[in-house]
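Each of the next two complexes has subunit A plus one other chain: subunit B in the first, subunit C in the second.
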Partner chain A sequence: MTETGTYLYAVGRHLDDEVLSGLEGVGGAAVRTLGHRDLIAVVSTVELDDFGESALRRNLENLDWVEITARRHDEVVRRAAAITTALAPFRLVTIYRSDDAVRDRIETLYDDLVLALDRVDRRSEWSVKVFSRARSMPPAPVAADAASGVAYLERRRAEIRGRQEAAVDQQSLADQLFWDLVPAAAASRRLAPQDQRLTARREAMALNVTFLVDDDRCTEFFERVDELRRNYPSFDIEVNGPWPPYSFAVLDKP
Partner chain B sequence: MTEPTIAPRQTAMDRRHGFVSGAPRPEGLADILERVLDKGIIIAGDIRVNLLDIELLTVKIRLLVVSVDKAMEMGIDWWTRDPMLSGDAEELADENRKLRQRVEELEGNRD
Partner chain C sequence: MTAETVAVATEPSLVDLLDRLLGKGVVLSGDVVISLAEVDLVRVQLSAVIQSVRKELSPHD
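Entry: the complex of A and B
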């Protein structure tokens, strides 16, 4: 009999077992729920051959394994988030020795969990990514002695300076855009801009933010984004969501 | 079957903007990893794994959310030599085999 553990995806309130039934967890076993006080943990059984300490050290070095596991983990969290906004997602590969160990942990964390759930209840996380539209450089004026080395160097220096200034301008504009959007949300978190090879876009990412927005202020948030699209024509603003509140249902204590 | 106590959450906003809560979507891997690795409740389970210790995660995956330019500034540029990232490994192995065969042929012809 192989040793097993209990993989924890999220903890929340008002989670109905029925809606999660039939859902497959990481490693293939069925997703199920554990109750403790008024909180419900979303879990599944995993084999320690794949999810034990040494197995994880091995598997986490494998990008394919990580991708499959991360997507499945996120899918389970999303399904739970579709049922309730009072949900605290846990980080990938948070595994306990048994169901009882999960309940014990919830008991220990109870007060902080309740605070985290209250913070995100009736709210959703929305990702906002801002891309700088490529701007064409004005053609360099052709001087009489354009062929001379000095003129060429001066022109090159001016081009580089122009690009650097444009980059700085874009960054401070992006910061302005961020502050313009903040009042429409309950909370915000700035993330590192993503690399162009990942975004598969020619334009550079000038801003990568995630916002916690009241569900009943959602319309206002989207209208604000549309307004910013008009006010900041040099940017392309991409909104994605709703995400489960990964970035905001965090514990106050480490 | 008991009725759920809370109706499935799907706001009018979701429908208007075409987002359906809970439906599977092809989210970018970078977006998912950004969240499931670095966010969420980060608390020790019984199975101890320090994600920062794992070289692949520290460099390769965290790299997904850090700019490549910044990494190169820091002297990290292993991906320029990693076939998994700069091309298809199988394709390269195939190409190597063909090149080796060709070299053998050419060396054979010289004799």
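Entry: the complex of A and C
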């Protein structure tokens, strides 16, 4: 018989088993819920042939597997988030040996889980990415003796210096934009700007931030973003969400 | 002003998803902590995954 484990998606309050059961989990088994004290864990059974330690090492090197698993995980978490105000999603591929091991874990983490759930209750995560619009540098004034090598080098140096200063200016301007948006959110977390090859955009990403926003202050948040779009015309601001509070309910404790 | 007028309501990109599901910026972080069983922590290198994400999404390279 194949060995199995219990895959943990999220822990929340007031999760209705009926809505979630029947949903397909990672690896194909049905999603279930496990109660412990006043908390409910969203789980499904996985085969250790696919989700055991050595299998994971192999599978995590396979982008197709990672994508399918991440999207299924996200789907289950979103469905759960849709029926409760307080949900703490767990990281991708958090797997325990048994249902009892999940309950033990919840017992150990109980106080932290309650804090995390209080923190995200009635709040959602919104992604804000800020791109520097590609700006062409104004051409340097052409001196009368522009044809001379010295003048050319001078001009080149000035151009390079100008570009470096512009980049520094853009970054501090982006930081300023970030701080302008902070008061409209309950919490924020800066992520690493994504590589230009990953975003497939011509403009460099100056900011990759994620905000935790009160559900009843969303309009205020968006209005603030629109205001910043007007105040910072050199930036393109992209807002994406709502996300389940992935970045704000993660428990980093082992 | 409503959420729909501001937010992009498309399927999230894999990079955005991994940025969040792995708990750290995927471009920066080299590995992810996987909890197996009660206490075992397994660190798995994700560099290969990131490499292939790049390859997949990059027009040239």
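The definition used in the following text is that the second predicted complex is superposed on the first by the 249 of 254 C-alpha atoms of A that agree within 3 Å, B and C clash if a C-alpha of one lies under 4 Å from a C-alpha of the other, contacts with A are read in each partner's own complex, and residues count from 1 in each chain.
Quick note on the criterion: a contact is a pair of C-beta atoms (placed from the backbone, for glycine too) under 8 Å apart; a residue touches a chain by one contact, two chains touch by 3 or more.
Computed from a predicted structure; not experimentally measured.
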Review point. Looking at the overlay on subunit A, is there a clash between subunit B and subunit C, or do the two fit?
Key: clash
Check your understanding: Touching A:Val19 in the superposition: subunit B (first), subunit C (second), both, neither?
Key -> first
Practice item. Return the chain, subunit B or subunit C, that is in touch with more residues of subunit A. Key: B
Exercise for review: Examine A:Arg97 and indicate which partner it touches, taking first as subunit B and second as subunit C; both and neither are also allowed.
Suggested key: both
Check your understanding: Between subunit B (first) and subunit C (second), which, if any, makes contact with A:Val150: first, second, both or neither?
Key -> neither
Review point. Should A:Val225 be classified as contacting the first partner (subunit B), the second (subunit C), both, or neither?
Key: second
Check your understanding: When the two structures are overlaid on chain A, which partner does A:Ala88 contact: first (subunit B), second (subunit C), both, or neither?
Key -> first
Check your understanding: Can A:Ala116 be said to touch subunit B (first), subunit C (second), both, or neither?
Key -> first
Practice item. Examine A:Glu238 and indicate which partner it touches, taking first as subunit B and second as subunit C; both and neither are also allowed. Key: second
Check your understanding: So which bits of subunit A does subunit B touch that subunit C touches too?
Key -> 5, 52-53, 56-57, 60-61, 63, 66-67, 70-71, 73-74, 91-97, 101, 105, 127, 191-195, 197-199, 218-219, 222, 240-243, 246-247, 250
Exercise for review: Spell out the part of subunit A that touches subunit B in their complex, as residue ranges.
Suggested key: 5, 8, 11, 14, 16, 18-19, 48, 51-53, 56-57, 60-63, 66-67, 70-71, 73-75, 77-79, 81-85, 88-97, 101, 105, 109, 116, 127, 191-199, 215, 218-219, 222, 240-243, 246-247, 249-251
**Study point:** Complex interface listing, subunit A residues touching subunit C
**Key:** 5, 52-53, 56-57, 60-61, 63, 66-67, 70-71, 73-74, 91-97, 101, 104-105, 125-127, 191-195, 197-200, 208, 210, 218-219, 222-223, 225-226, 238-243, 246-247, 250, 252, 254
Check your understanding: What does subunit B use to touch subunit A in their complex?
Key -> 1-2, 4-6, 8-11, 13-14, 17, 19, 21-22, 24, 27-43, 45-49, 51, 53-57, 60-61, 63-68, 84
Revision key, fill the gap. The subunit C residues in contact with subunit A across the complex are 1-3, 5-8, 12, 14-28, 32-42, 44, 46, 48-49, 52-54, 56-59, 61
